[in-house]
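Here the structure comes first, spelled out in structure tokens, and everything after it is commentary.
Each chain carries a letter (A, B, C and D) given by its place in the written order, and its residues are counted from 1.
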Amino acid sequence: MDFELPAEDHPRRKPIRDWFESNPRPTPRQLAEAGFIVPHWPRPWGLEADAELQLIIDQEMKRAGAFPPRNPVAINNCAQSLLSHGTEAQRQRFLGPALSGEETWCMLFSEPSGGSDLSNLRTLARREGDHYVVRGHKIWTSLAHKAKVGVLVARTAPDLPKHKGLSQFLVDMDTPGIRIRPIIDMSGHENEYNEVFLEDVRIPADRLLGKEGEGWLLSTTQLQTERVALSRPGAIWGHGPSARELVEGLAEIGALDDGALRDEAADVYIEGEILRLLAYRSLSDRMNARTPGPEGAIHKMLAAPHGQRVVELAKRAQGPRGMIAGEKPFPTQLEHGDDPYSDWDYAFWFSPAVTLGVGTQEILKNVVAERMLGLPRELDPTAQLPWSEARRKAS
Amino acid sequence: MDFSLNEDNLLLRESARTFLEKEISLARLQVPGATVTDAGYAANWSKIVGLGWQGLVIDEAYDGLGLSCIELAMILGEMGRTLAPSPFLGTLFGTWALQKGGSDEQKKTILPGVAAGTTKLALAVAESSGTADGPCREARAHRHGGGYRLTGAKSFVIDGAAADWLVVAAHDDAAGRREFFLVDAGQAGVQADLLAWRDVTREVCDLRLKDAEGERLALQDDELWPWLRDRILFALATESAAGTQRVLEMTTDYAKERVAFGKPIGGYQAIKHSLADMLGRAECSTVGVLYAAWALSEEHPRASLAAAMAKAFACEAYVAAAHRSIQIFGAIGFTWEMVNHLYYKRARANAELFGSPRTQRARVIEMVEKKAA
Amino acid sequence: MDFELPAEDHPRRKPIRDWFESNPRPTPRQLAEAGFIVPHWPRPWGLEADAELQLIIDQEMKRAGAFPPRNPVAINNCAQSLLSHGTEAQRQRFLGPALSGEETWCMLFSEPSGGSDLSNLRTLARREGDHYVVRGHKIWTSLAHKAKVGVLVARTAPDLPKHKGLSQFLVDMDTPGIRIRPIIDMSGHENEYNEVFLEDVRIPADRLLGKEGEGWLLSTTQLQTERVALSRPGAIWGHGPSARELVEGLAEIGALDDGALRDEAADVYIEGEILRLLAYRSLSDRMNARTPGPEGAIHKMLAAPHGQRVVELAKRAQGPRGMIAGEKPFPTQLEHGDDPYSDWDYAFWFSPAVTLGVGTQEILKNVVAERMLGLPRELDPTAQLPWSEARRKAS
Amino acid sequence: MDFSLNEDNLLLRESARTFLEKEISLARLQVPGATVTDAGYAANWSKIVGLGWQGLVIDEAYDGLGLSCIELAMILGEMGRTLAPSPFLGTLFGTWALQKGGSDEQKKTILPGVAAGTTKLALAVAESSGTADGPCREARAHRHGGGYRLTGAKSFVIDGAAADWLVVAAHDDAAGRREFFLVDAGQAGVQADLLAWRDVTREVCDLRLKDAEGERLALQDDELWPWLRDRILFALATESAAGTQRVLEMTTDYAKERVAFGKPIGGYQAIKHSLADMLGRAECSTVGVLYAAWALSEEHPRASLAAAMAKAFACEAYVAAAHRSIQIFGAIGFTWEMVNHLYYKRARANAELFGSPRTQRARVIEMVEKKAA
């Protein structure tokens, strides 16, 4: 066991550093072509890197001041499915622009009526000749307004049980019939989220990802990956300020002199440190090619309320000034690139979302209890019925 | 002995609820970028004036109804329940200050106008840190002819921009302590700037004073402020208890309707138990507030304690309930177009104004210690 | 609205005080005969007293230093059922000795296999001529070792659904076949609780309370009354130390100087005061003959964890000394008569029971959510089946 | 870089688990009135000595195995998991004190006996208030001939009555500060009285010293105690993390078996979610403890911080889990005949000994502030 990160003189570090020295201002495309965007993928996209090498690449990229393209849906969630389930033509068409960030992706998954029950989605895709025709209404689509490619899950077989009749498609977001409406959150800001209306959207049949009926399998795999990607220390799904910055800020304004707040701050700090260790352990387990322990899946369950505590404590330390829009809690505020959550005030008002997005806290606890502890599964009386029948009964 | 509301109380509450449910709509606030002005702030006030609520606690000698904090709680609760935007609260705070602290002359000049609905008031007491207790560092008053001139700043003035007259706490240079002054808001030396207040159902301002004329209230700070603070805390607690109750109802209704995995989410224990907890805390808030109302109306020795306890409990319960409500509504509950965030913001604002729940707890334990000693 | 208790010069107070002046050391029997034990009952047992008069009697009894007999099962829970469902012969035989405390009662309700699901109980009562013959195993029977009379709920019709086949009996606790074994709690003390084994216990048929099949109705009514009776400020079901005493104690040892503990103590104090008001409000509602609001039923849900917080905070203030058996947290400890819970240390080690006994916290929350808020009921798949069939399926 | 346990670690833990599951039974403690003596305290020690665990952290120069805190965590965790009663912990604390603070002569005299299993140790450092930091007020040492004589009292001495030699903290009159002394427990002036300790799986004593002969350790208090304290906190945290894990497993098993209203109680969300929370906190405890083990074994600059964090987190999680476990087992879980209370008592005792979670949090934030400053 060794809790040190790979040292400065680590032999695997040199070639990476050399590359960045030869390419001092790499474009995203150069980074992608060097395999640095998805180093754990097979060649030619990646470097078949283990977790240690991934970490080294992350660090060297940061040191060089280079940023990977902001295309999280492709890079963290969905593009990997093309390796396992895509056609060669799909890989050639989509992966290059996705990894270089030239084409932003979005996930057309959630629906207004669905909530936690994704498999109950109502968007229908009907086969007509060599196209599918799609009608439906999606919500919580992050980056839809910037995306070129949408990963759509829709129902192709309404008469099968709800998990079985779903399929996935790679949709051009400029196809006629797609309308995008931004969602304004409680802070009053437009954020990354959107509603997407699909009216008779025609998708060529060769944009089906995998086979018909594999939509549920693909979607849950992609969402699972998202959870792992969220294991950074920031309060908002890994982004934004962390407990360390909280304690520094509180010290700066003298708020730690209050005994009760001091105790709370210490508690949040410890929680933050331990969650950081938990994330490192997941990494180690993956690195050692051991089956990851439960800590990967439970990380979000713990990190989401932790993040809420971090920003809530900062907000509370502001007293009534915290109710003035844009008021900063601490004179010194770290900047995190173009991350909007690096603003404490925005992070606070956004924070209720962290126990809602990517699985509500309640669903996540069910998952942890059922998968990790083997407790009995919640019965879903509609799971085995043909979806169309369950839908008739409910209405 | 009767710990319950009487029939008159219930009737008053019922009529207020009927009125507000008919007249108050938050729809205009559900549009992003909406401000308190869009929310019917002025129009609601006209309607309220039509019912005479602004004269509720004014003595009959000054054309008011001379009712107690118990009756007031019926009205204030319903205002809190609907988040009704209007200059009611600022006027109430100013009325209390004048009625308790003003000279007979000052009261005669101002209060009948308030009772008639032609005059609006506000109370400017907090510093920019939010503190309303203790010495005043940011505004000073010095004698000038027969009166005073005030210079400096006040913060967190509820309904400050709408007010015709202000009651302002400032450091009296001559007396060497904080005192309260009656200030005409219409004069050149008074400027009220709206804060970008997150709770868009309420108008909250910063105040800048530059050689503004003022007249000192008769009662000194150390006699006026404790009395006034108890009532302010009670008022915020009353709004909060009723808001919690509303959040509970609205969330319970949603939990009965919203279906996931084939049954209403209210059938899942996680939701069920959390609503049971919310109900428990809502009931506690309500009873704590009513006790404070009674203790204040009786000028009971435990009145200060009761008001601080009610503020601490009800505000904390309201914040928790409104936050939890967003979670139960799911992602949609976190968007601007729903009212959940309006309740959450009111809850947080009420909690922070005039001393947080933790501050109130510190005051409570101090009072208990002193009594024990 | 008026939060003052009936004043010293209250006109209804005088006759009560006069009685205690004429009867300076009343025996329990005298108290019972004067109607002071169950003043709210009809005559001859009570005085048809409203809540105010009950309160006056309580206060005057306390002032006179008189104690009602310690027979809670009869007085608070079960004896009232004889008024509504008993025979005249049962009332004449049982009520006098019950109210005077000459005969202690106990409740033979819970079973080891049952837990929260009381209606699933396995004790069987088979009719044989003019007797019922009972076999079963009861647990958590408080005072069984002192009791003369047991209120037994047993299954008389195993082929009916579980709630419908139950009946209640008034059993002489010295009937052959009854064996009592004390339960030792985690403090190592024998407390009031016992296991009771019933082996072919013969009960005369005229000891049936109400009709066959009314056992569930009677039992739930009796338990409901118990919840109302628990609304005193003590940490352990209303008994033992309260939050006020906690704060006095903490002040006495200087523990309130710690900022974090000070905040916690204030919070618990406020909670205690508000719960006291909530209990008073229930009383008022009953006094005004209004339908009691939800506060009656939710009081235990709130009071039980509150009580745990009270004793936990005292225990925590002791530091490691709190782990020494019998060590007192505060130099001054109020005595509450013969109440074992007046000992802080015992109250702490007993306290896990307060969210378990008389309905677990989980069940109580279900009840509050379902009855007060109208949320959907938990489905019990065994509720409609014949009990005997459900039992076969389960095993 | 490797944040996971290696194969040797896992093997060591596995063998300890197999051994303890076979050899340790709490059955004798499930009888009311049972004490630590009834629990196989002495017999278990003989078995442990057979495996040589008492020599684990002793340097090879003194016949020990010279292993690190990581290996120790494997053993200590399993001891904590089974609540195995024995003088292991007291001996470990004494060993650490001597090994770090003793002169070569002192180590030579005592440690080989410990490694051989013929000598048991204990560490007497806490005052009657429980404080182990800061000046010593209740025991004094004065020079007498070539050595010292000690008089006074110590409290919360783990395995004090079983020990052959004691390491005692006392105020050194000559030096004017606290120092540590090696004291033969067999002499007339030393008396150890068993406390009525609620955690009956552990022997905890008060110590009375009357002109007892003692020999000063080589290292001074300010160098020895911080080092020693970090390890003590780590040891208690390690036991606690493993205890939490065991409580989780035992409660999960029960929740799968126990049926109410026609289904296993583990199928109800209230139970399910509370076990998911318990799992989350158990994993956090485990990783916090392993980080502390690594940091201590590396004498890393963050070692003190890591130990305090682990103690704060793991002990609080253990108390909560053990308390919750009683609730999930229901009324039976609160009786003496079940093991739930044994875990709850161990959890509370570990939390309170050598500084509560709150005390550790205060230390953590101080360390963080100092580093930031």
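Basically, a contact is a pair of C-beta atoms (placed from the backbone, for glycine too) under 8 Å apart; a residue touches a chain by one contact, two chains touch by 3 or more.
Since the structure is predicted, the reported quantities are computational estimates derived from the model, not experimental observations.
Visitor: Measuring between Cα centroids, what's the chain most distant from chain D?
Guide: Farthest from chain D by mean C-alpha position: B.
Visitor: Determine which of the two chain pairs, A-B or B-C, is joined by the larger number of C-beta pairs in contact.
Guide: B-C
Visitor: Let me have the rounded angstrom distance from the C-alpha centre of chain A over to the C-alpha centre of chain D, please.
Guide: One centre to the other, that is 42 Å.
Visitor: For chain B versus chain D, what separation do you get between their C-alpha means, in angstrom?
Guide: 53
Visitor: Could you pull out the residues of chain B that touch at least 2 other chains?
Guide: In chain B, the residues touching two or more other chains are 263, 268-271, 273, 358.
Visitor: For chain C, what residues touch not just one other chain but two or more?
Guide: Answer for chain C, listing residues that touch two or more other chains: 260, 262-263, 362, 365, 378.
Visitor: Chain B touches which residues of chain D in the complex?
Guide: 268-270, 273
Visitor: Quick check on the complex: what are the chain D residues that touch chain A?
Guide: Residues 1-6, 9, 70, 248, 252, 255-256, 263-264, 266-267, 269, 271-273, 275-277, 279-280, 283-284, 287-288, 290-291, 293-295, 309, 312-313, 358, 361-362, 364-365, 368-369, 372.
Visitor: Across the complex, what residues on chain B touch chain A?
Guide: Result: residues 32-33, 126, 128-130, 155-156, 195-199, 204, 258-263, 265, 268, 270-271, 323, 326-327, 330-337, 340-341, 344-345, 348-349, 352-353, 356, 358 of chain B touch chain A.
Visitor: Which positions of chain C touch chain B when the two form their complex?
Guide: Touching chain B: residues 1-6, 52, 55, 247-248, 251, 256, 262-263, 265-267, 269-271, 273-275, 277-278, 280-281, 283-285, 287-288, 290, 293-295, 298, 301-302, 362, 365-366, 368-370, 372-378 of chain C.
Visitor: Quick one: which bits of chain C touch chain D in the complex? Just the residue numbers, please.
Guide: For chain C paired with chain D, touching residues are 110, 112, 115-117, 120, 139-140, 183-186, 188, 260-261, 315-316, 319-326, 349, 352-353, 355-357, 360-362, 365, 378, 380-383, 390, 394.
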